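Here come two complexes built around chain A, the first alongside chain B, the second alongside chain C.
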Partner chain A sequence: MEKKKGRTLARNNSKARERWGFYFCLPFVITFLIFSVYPVLRTLYMSFTDYKGYGQENFVWFDNYTRAFKDPLFWDAFVNTLKMWGLNIVLQLGLALLLTIIFSDIKYRMRGLSLFRALFYLPNLIACTSVAFLFKTLLDWKFGSFNQILMQLGIISEPVNWLGYANTAQIVVAVIGAWMWFGNSFIMLMAGVQGINREYYEAAAIDGAGRWKTFFSITMPLLKPIMIYVAITSLIGGLQLFDIPYLMSGGKGDPSRSLFTAVFYLFNMGFKNRQMGYAAALAFVLFVIIAICSAVVFKLTNRKEKK
Partner chain B sequence: MGVTIKNKTIKGFIYIFLILLAILCVVPFFLMIINSTRSGNEIMTGFSFFPGGSLAENWKVVSENLDIFRGMLNSLFIAVCSTILCSYFSALTAYGLAFYKFRGAKLIFGVMLVFMMVPAQLSLLGFYDLCNNLKITNTYIPLIVPSIATPAVVFFLRQYVLSVLPKAVLEAPRIDGASEIKIFHKIVLPIMAPGIATMAIGTFIGSWNSYLIPLVLLSKQELLTLPVMIGSLQSVTDIASNAGATYLAVAISVIPILIVFAFCSKYIISSISAGSVKE
Partner chain C sequence: MKLKRIFTAILAGTMALSMAACGGNTDSTTGSADGEAAKPEKLVVWTLAEDLKDFAAHYTEKTGIDVEVNVIAPADYPTKLNTSLGSQSDEVDIIVGEPQMLPDFFDAGYFADLSEFDSAAQEKLVPYIYEAGKDSNGTLRALSYQVTAGSVIYRLDLAEEVFGTSDPEEIGKLFSSYDAILDTAAKLKEKGYCIFGDTGALRWFANANTPWVKDGKLQVTEDSLGYFDTAVELYQKEYVAFAPEWSAAWYASMAGELPVNAGWTALEDIEEGTPTTQIFSYIMPSWGAVTIRDNAQDNIGNFGVCEGISSFFGGGTFIGVNEYSKNKEAAKDFVEFCTLNEETSEWWIDESNGDIVSMKSVLEANKDYENPAFGNQKTYEFFMKQAENIDYSLITRYDTEIGNAFGTAIVAVQNGEKDKETALKEFYTTVKATYPEIEVPEA
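Our next item is the complex of A and B:
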């Protein structure tokens, strides 16, 4: 009898103790519900209304969505985003992978990893606004240092208006993106390499595997989860591209609307044209596309592994 | 013999490539600093590797038109508050999720994971509307308070606390009758400190550089953060028409981060590495 009583007491005690875990999570949960969950649900509801950011909102069912699918300006902006992201990710991951190969090579034993890593990462630390303004000024058609240097080196004979043509402006944005992010990807890949057990490499060396064979049979497969992670986070971030094109074009999206990105268009719709309901629908269309793309990237990269 | 010479040449080329790449990363900042000391006219006529003598003049233009140190203080205030809140509450939540079994723990964790995948633009409009209705636009509340709930940091710290804190450590103080919250403050928090510091750096930089949300929420001149201020440079005609002053304003916004980076680059890099290995 005594013993049993003691046990229930202990159980009650431990239950009371476990409840502390919930109390510890409470500030998080409350803040999360207010500032993360509610805004998403509110956006979702908004996307079915003609809300203008103030006053009355009327339920319009799927009107905003049908409009989104027929809106050529939105899809142009989306294609612009894809183009810029595509070039950006090829440059960024390519460079990061090349650097990873260089620094993980057992034979060369390159020095200065921490110094180079720090320098490569530097552009990522700077606020987008500063980066955008810096490059806008450096790339100025007539007075920018970039053209002046190229002309002094004799690479070009007269100044190029980099931000004046659709194609070059998009390339500039993609290159700036790669410049900002390749160091970040490199650090992530390198962290992955350093997590690989040295024994694998030693075993490969004993088996007489060459440098490339070692890289493709050991480093690459083991790095794959991180590469997928980098690719997907970059996709999610890249399809939301906003700051740099917005600032480089002074909020106008020119030349010839080439710097309009999907989120840029959404931003203008919601905060400049005050069509909050429609902008909310665009946000959800974009979200669905991002989710599908992430799933496809994930599936594709996983399937190769099985073969 | 031949092989080593060949290897050395290849190695030399690789170093040249690395150095060129490093220069590419640094040169825009170098040009920025040089040009911020030259007059608008000098910059128009050509490029130079040597600083000019117009720093004071440029500074006069910038300081007359832009309260840049105010912006810096505003950004610093927001970033410091967000970092402290995010660090403390993320650690608390992570510990709660990892070491206690209570109803709803799995649900909280699951919802958190889902929201880690949700892109920020999805909540932007709803967030703006919420702040409008609560009448907290043009305050720092929406820029600081939401950092209490940062799923990615909680996720990382949960893994971290599971790996550094043996459950047995908690038994002795419990027998001594210490309260759970006291145990967290006196024992768990110090053990988690390195992991928290790693995440804090990332939170600080993210908050310091954040642009879109403050752009949407702040309109009062004296509240603007540094990135928003720099983003509006174009509309300040006196600065926009003078390239030297533009460079100087951007330089002032960049230099604090460069100084911080010079001292903490090691920690910043380990913070990113940690972010990737968690997967």
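Our next item is the complex of A and C:
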């Protein structure tokens, strides 16, 4: 009898402990419901209405989504985003890879990895507003330092209006993005390199493999999953590109709307043109695109694990 | 067990508080109509410019009622107002808006009915101010203490040197059409001067006689196309100084010489030895005249004002009462004090050192005032006439975005990136995509 009572008590204690677990989770759950779940559901609801940010909201069902798929400006903005991200990721990964080659070479034995890692990461810590202001000043058409240097080196004879033409303005944004983020990619790639078993390198050295052979036959294949991960997470972030193009164009998206990104466009729709319902629909279209990209990441990662 | 109870109580309290915080404003409208205190402790104002701080101090001096004025940047103002008043908050009593913001704010129901001032406003104020303050049903909801009629402000010395006269009537003829403006610019260029700081100066005349949108259709008229072509020609022939409005070089030009092609560069960053020029004219609303006067330094008194292609106005602070305020009557008293009180209007002319007020009787009383900053020209008389000519039906809620899109098209042609046809086609596409309800010539 006493044994049974003891078991019941133990079970009750265990249940009580479980309940405490729930209590401890509550603050997070409540915050999450209020600040994450509710805004998402509210945005979804808004996307089916003609809400302007004030006044009444009437159901228009899928009208906003139909409009989004037919809106040439939204898709132009999306293409702009892809162009800027595309160049950015090539530069960002290229530079990070180059640095990884240098720092991972067992023969070079480069010193000061921790210091350089911190230095390369620094641009990531500067506020976007400061970065935009810095580059706008450097790239000033008539009197900017960048043009002055190029002219003194004899590379150009006339100052170039970098931010005045669609193509150059997009290149500038891509370069800024690469400069800000290459440190982050470098850290991830270096972490990947450090995770590679040193025995592979020793075996390659014994077999007489050269520096480049070792890199292309050992380092690169083993780094591939990390590189795919960096590229695709960067795509997810890149599709949400907003701050630098917004600041560089003074909120106008010019020249020739070339700096309008998808998020910049939906921001303008919602907060400048007061078409919150449509902006919410655009946000969900973007959400779907980003979700597909995320699914690709998971699929690629899982495939690797199965192998 | 005790600890558990305390913990549960804290959690329940936190939840209750967060729910209360979310729904705290729901019953804020209840106190608005009746049972109001005759004299509130404090009135709260949200505004776009510093002006109302002076009005508030003057009001406190006269009535003893404290007025807290919060100045919010124009770019952030609509969002702040929509966020707060969208949830029917009573945290602010007096709100404002610029003319292009007012139709949306009126539709949203943020501005309380000011019909009790209707007849006084119609009788006392310049007609376009009264028109701008009414909603689509004709109910008065906002009023302004100032008129912001526009003018061409020109340099008297350069006018004498290049055209042999500085008479406003004669100089006005040089700005009477786009062709005249191009001729004027060419003559100034011959003497080494620039007609404007930047081609954007002409934007005020883009819809001089027709609104951008009429009967649901986009109107691209001779006026707007004339603006397009003239802006491109002025740019490509380098008739302007390439100093955009509000840039350091543009401010510097009011006192005399400025470096050519300065753009937005700070003056200290411009290389020594850069060629300089002088700007002949500025096209701006009446507050621009005050800006020029305040930056003219030794050049003060060396400016005149004349009419351009058409009368226009830009900006201006319209004051109203928050529909959800608990101090509506007191707030209405403040609005009346600022906009319909002759003594305040006279006071504001002195206090602002030259703002153009909206009260007809005060403008009339000051019409013979010879303004030393503008070569002793009778500027009140001039702006009064301009204000009377303003056709408020030319203003639509679409103007800001359509104007920006048109500007983008012009810049693309100026830079040589696109031809006019392509740029206009893209402009139509932009308007159609932004406002699907507007019919455009082609998209």
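Brief remarks follow.
Note that in this section the second predicted complex is superposed on the first by the 265 of 307 C-alpha atoms of A that agree within 3 Å, B and C clash if a C-alpha of one lies under 4 Å from a C-alpha of the other, contacts with A are read in each partner's own complex, and residues count from 1 in each chain.
Everything below uses one rule, namely that contacts are C-beta pairs under 8 Å (C-beta built on N, C-alpha and C of every residue); 3 or more make two chains touch, one makes a residue touch a chain.
As the structure is a prediction and not an experimental result, all values here were calculated from the model.
Looking at the shared chain after the overlay, A:284 reaches chain B, while chain C stays out of its contact range.
Applying the stated contact rule after C-alpha superposition, one finds that A:252 touches chain C and leaves chain B untouched. In the superposition on chain A, A:43 contacts chain B only, with no contact to chain C. Once the two complexes are laid over each other on the shared chain, residue contacts for A:27 go to chain B and to chain C alike. When the two complexes are overlaid on their common chain A, residue A:117 makes contact with chain B while staying clear of chain C.
Within the superposed three-chain model, A:216 lies out of touch with both chain B and chain C [touch as defined at top]. Of the two partner chains placed by superposition, only chain C is touched by A:272; chain B is not. Of the two partner chains, both chain B and chain C are touched by A:142. Touch criterion not met for A:59: it reaches neither chain B nor chain C. Counting residues of chain A touched by each partner, chain B versus chain C, the larger count belongs to B. Once both structures are placed on chain A, chain A residues 20, 23, 27, 34, 53, 137, 140, 142-143, 271 are touched by chain B and, in the other complex, by chain C. Interface of chain C with chain A (complex): residues 4, 7-8, 11, 14-15, 18, 22, 75, 78-79, 82, 85-86, 104, 107-110, 261-265, 269-271, 401, 404, 408, 411-412, 415, 417-418, 426, 429-430, 433-436.
Of all the residues in chain A, the ones that touch chain C in their complex are 20, 23, 26-27, 30, 34, 52-55, 67, 71-74, 137, 140-144, 161, 164-166, 251-252, 254-257, 269, 271-274. Considering their complex, residues 7, 10-11, 14-15, 18, 21-22, 24-26, 28-29, 31-32, 35, 43-44, 46-47, 89-90, 92-93, 95-97, 99-105, 108, 111-112, 115, 117-130, 132, 142, 145-146, 148-149, 151, 154, 174, 180-181, 184, 205, 208-209, 211-212, 216, 226-228, 230-231, 233-234, 243, 246-247, 250, 253-254, 257-258, 261, 265-266, 268-269, 272-277, 279 of chain B touch chain A.
On the chain A side of its complex with chain B, the touching residues are 17-25, 27-29, 31-32, 34-44, 46, 51, 53, 95, 99, 102, 107-108, 110, 112, 114, 116-123, 125-130, 132-135, 137-138, 140, 142-143, 145, 148-149, 152, 179, 183-184, 187-192, 194-195, 225-226, 229-230, 236, 239-240, 242-243, 247, 250, 263, 266-267, 270-271, 276, 279-280, 283-284, 286-287, 290-291, 294.
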